[in-house]
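Look at the two complexes coming up: subunit A is in both, with subunit B in one and subunit C in the other.
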Partner chain A sequence: MEAKVILKQDLAAWIDALVKQYEVIAPVTEDGVVVFRPVSGLSEMAIEGMVGPAKSLREHFTPPTETLFDYKLEDLSAEVIPPENEERHRVIFGARACDAAALLYVDAVYSNVEPIDTAYFMRREKTYLVGLFCDKPAWSCFCTEVGDFLTNPVAMDVYLTDLGNRYYAEPLTPKGEELIGLGNFRPADENDKAANEEIRRKALERLPKRAEHETACLSYDWDHPVWIELAKKCLSCGACAFLCPTCHCFDIQEHPKLKKGSRYRCWDTCQFEKFTLMASGHNPRETRKERTRQRVFHKFKYSQERYCMLGCVGCGRCIAACPVNIDIRKVLEELEKTAVAK
Partner chain B sequence: MRQKAKELLESGEVKVVIGYGQGSAPFKSTPIFIEKPEDAHKLIWNPTCVNNLTVYLRDACRQGKAAIVVKPCDARSIIELIRENQIERDDVVILAMSCPGVLNLDALAEIDLADVKSVEWHQNGIAIKTNAGETIIPSEKAFASKCLSCELAESPIADEKFGEPIERHPIRSKYADIEELEKMLPEERRAYWARQFARCIRCYACRSVCPGCYCKECFTDKPCQLWVLRSTDVESNWFFHFSRAMHTAGRCIACGECERVCPMGIPLMRLNQKMRKEVREMFGEEAGTNPEAPPTLGTFDLKKDPDPCSE
Partner chain C sequence: MRIENPYIPKLATIEKIITETWDTKTFRAVFKDEELRESFTYEPGQFQEISVFGVGEAPFCLTSSPTRKGFVEFSVKKIGSVTSALHEIDEGATIGIRAPLGNWFPYEEFKGKDLWFIGGGIGMAPLRSLLNFCLDNRKDYGKVNIIYGARSSGDLCFTYEFDEWQNSPNTELFLTIDKEEEGWNKNVGFVPAYVMDLKPSPKNAIAITCGPPIMIKFTLQNLKELGFEDNQIWTTLEMKMKCGIGKCGRCNIGPKYVCVDGPVFSYAQLKELPPEY
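Moving on to the complex of A and B:
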């Protein structure tokens, strides 16, 4: 598909055209934090020089709290009211390549066993992604270490690169071509292509090289001393998991009232002590040692064994957010040092 | 400080020294737990030492005597832990640093963090070295906001002090933010907090990092309870935050950790400072100042405050 270019002065009109047909979700700055929210036009968006969005796209596919059904009790009968499928077709504008790649992993998880997660896939099907190339990866980014999706994007419909006064746009699907059709684009010329290449090269210079975590992870040590070290400082909060675009664990909770109520699911994480607490009182991951190991093993080892893909897209959010500077890159380094030595 | 840590471990006086080690980037430190005297050189002390390490103290003291590196503000948590009977004074060796202020990472927004080589104190603030050269970030920008209103020349409790006391000239009122909130109309204030709490993802980093939040089981974690729903709607989030503010009232020492770690940028210190101000006005007390005083909200004096029901 042919790459196109749109001048920044024409961007607002393109967004307006998108907003007419779709719900457009884009990064906005609220009290200094970048979050993805429905917007009504370019003026609300924080696309220009966007720093790392605090949250991934996760909440738009599996909301932090999602009603499964409401119910009403009438004498001895119960009426179950399913949630409304209110969602329009949506465009997520300005998605990061890592966050898009994470969707492929979550797809694999939620479709692995029957029944598949219908609420999630309904949102997936109704959502189109306009991605934005990261021209200035953050100190915590290491996406290129776990994949090549930064330059070969996945799960997107259009991929934009900021060329200064214009955006370079690659349509990646027929839907992407259709979205581009709504704006004042012209075909990209040799100049645009060279500028695009240059920006990519510069960004890649800032990032680490591809590492073979896929093979290394198979010999990660269950009893490695690093787990004891991490357990000492980890606080068992959920910051790392709740910001992670591939984390997908939830809990099912009840909100009963006298004659009605609802059942909902909400985010949960293996970092919380009660996550694996069983009714018997037994907790297989009782200490922080088991819990920190679970997060790393799940991202790297189990995901590789189960879905033949890594469960980490290198977005670096867990690194930047961890209150005690637990850096998953360093953990892997430790694990792989001894794996190689063995 | 390293020398002292080494001696304490060599003599067997303490089992562990809790301190700061080099983090995974030049602008990050990380908590470390030194158990062998030969590892004492790993301890660092610079503007990146932001964490309040006393959050680890309760567990550490359960294993034996522990030494801990503290800033003057963090030391107030030790006073609270002692007066709330969470640790014994004799179970801890306090290595108190004199502290010009710690780094506010947001101040580096214009600097390319990937390019930072070192972060050091400078007489006018903090000096950041990058490949492009050295930049001095002036104090009012470089330091965490709690440092700009800090009145502690030195640690209020200590066994060993390192460095000279610091002359303090607070350039910011510690109630600056809440004064602004207090001026709002009630409905404006409600809208303000609703917007803030709507962002909360209930990761509980704020609670987990708080040295005052030491309950074995937090009210939010009861598996079969409905004290507070786990749903992240504004009402439930609101309830969580107000309950926490009530639970830490009279105990919060304003270390600012909860606000620092919140990944959603929720200004939790505005709640905490408001509670501190109320407690000061109602009881004339400030948490973290006197280890001998009984806990502010944990004591009830029938003589001072007679119970009308018993009459």
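Moving on to the complex of A and C:
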């Protein structure tokens, strides 16, 4: 599909056209951090020079709490009322390549075995992604170590690159072409293409080079001393998991009402002690040693064995957010050292 | 719409409640939807998510056999909120069911072989489904042996079926309790030890075991000692579960989800997994 260019002065009109047809979710600054929120126009958006958004797109596909159904009780009978489906299609504008790649992982989890997760896929199908090339990676970013989706984007419909006074736009799907059709775009010339290449090259220079996490992880050591080190530091606060765009685990709970109420799901994490606590009192992952190991192995080992992909997109959020400075890159390095030595 | 929301349970009526022991009851439920009642089927070893509206949902094995149609049964040990709520309801109450879930015993592979069912306490629940299935297809299997133990005679479930089991052709029931009791004339001792006393021959045989983790552990050791190969031993595992359909990420052991890749595993498959169960 042919690459196009839009001048920044025409951007507001394009966003306005998108807002007319879709719900548009874009980066905004909220309490000093960048998060994705519904917007009504360009003036609300924080896309110029955006460094890693504090939160990923996750909450827009799997909300922190989501009603599974409502129920009504009458004497001995019961009625179950499914939630209403959202009707409107959405555009997520300015998505990062890592966060888009994370969606492919969550897709795999929610469709790996029948039945698929209908609520998730309904939202997924109704959402189009306009990605934005990351030219200012944060200190904690390492997406290039776990994949090449920064330069070969996945799960997007359009991929934008900021060329200064204009955006370079690659439509990646027919839907992406439609979206571009709503703005004042012109075909990209040689000049635009060269500028785009140059920006990508520079960004890649700043980022760490691809490492061998994939193969090294599969030979990871169950009893490695790094697990004990992690267990000593980790607070089991769950910040790493709740900010991670690929984390998808949930709990199912009920509002304790008698005659009517609802059952809902809410985010949960393997970093919490009760996650695997059974009614019998037996807990297969009782201490932080088992729980931190589960998180790293799930992302780098089990995900490859089960879904043939890594469960980490290198967004670095878990690194930036950890209150005790646990750095998943360092953990991997430790593991790889011994994996190589073996 | 393509397919139904997989988290919404089907409504069912509790038709019958049997008090098994002081802390365990068996429930027979029939789907309210007549069509579903007719068409619903499952395999021995599968489980269901049972809803008590207003309290929550919990997984229980299907303890009935799919050869006996029109209803499903599950046995519940009172231990927490959902299980207590179930113990309080009366016949006629409405519950929710998501089923069938999980994998099942490969009963086709067991054909022509002698079977050793080795159950402890409530662990007999999933075995009962396969046992009654095999007895209903009696000619397909060799000798059927049932070793069933509990803490005391009052902790044995399904006592009302013991006669049926014993009187089936080429079938033997071996009962055991942990401690001596007045009037008890069967074996006394833990299940794994009783297995050693009875010395099942591994020749053309399959052992299927379920019970508390400690019982399973020692039973496996003893079966190995008796010469059973890893693929001749089957068990069903329990992990904390919520969704039951491989989405909530709770029940994994390494790359496997017990709710979809299990709960039934052979000992050979178990050995491939990290020791986290």
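Following the convention adopted for this analysis, the second predicted complex is superposed on the first by the 340 of 342 C-alpha atoms of A that agree within 3 Å, B and C clash if a C-alpha of one lies under 4 Å from a C-alpha of the other, contacts with A are read in each partner's own complex, and residues count from 1 in each chain.
Here is the rule we use: contacts are C-beta pairs under 8 Å (C-beta built on N, C-alpha and C of every residue); 3 or more make two chains touch, one makes a residue touch a chain.
Everything numeric here is computed off the predicted structure, so don't read it as measured data.
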Side-by-side fit of subunit B and subunit C on subunit A, or clash: fit
Which superposed partner A:Gln253 touches (first subunit B, second subunit C, both, neither): both
First, second, both or neither for A:Trp227, with subunit B first and subunit C second: neither
Computed vertex angle (subunit A) for partners subunit B and subunit C, CA, steps of 10°: 90
First (subunit B), second (subunit C), both or neither touched by A:Glu305: second
Partner chain in contact with A:Phe69 - subunit B first, subunit C second, else both or neither: second
Which of subunit B and subunit C A:Leu277 touches, first, second, both or neither: both
Touched partner set for A:Tyr128, first subunit B, second subunit C, both or neither: neither
Contacts of A:Pro137 with subunit B and subunit C, given as first, second, both or neither: first
After superposition on chain A, the shortest CA separation from subunit B to subunit C (Å): 7
Common ground on subunit A, meaning residues reached by subunit C in one complex and by subunit B in the other: 251, 253, 277
Touching residues (chain side subunit A, partner subunit B) in the complex: 30-33, 35, 51, 54-55, 64-65, 136-139, 206, 232-233, 235-239, 241-243, 251, 253, 255, 264, 266-267, 272-274, 277, 317, 319, 321, 323-327, 329-330
Residue ranges of subunit A touching subunit C (in the complex, touch as defined): 68-69, 71, 73, 76-78, 80, 82, 109-110, 112-113, 115-119, 222, 248-254, 256-258, 261, 263, 265, 268, 270, 275-280, 282, 284-285, 290, 294, 297-298, 301-303, 305-306
Residue ranges of subunit B in contact with subunit A within the complex: 23-25, 28-33, 51, 55-56, 106, 109, 112-114, 116, 195-196, 199, 201-205, 207-209, 221, 223, 226, 229-233, 257, 260-261, 263-265, 267
Residues of subunit C touching subunit A in the complex: 1-9, 11, 13, 51, 53-58, 79-80, 83, 92-94, 96, 212-213, 238-240, 242-243, 245-250, 252-256, 260, 274, 276-277
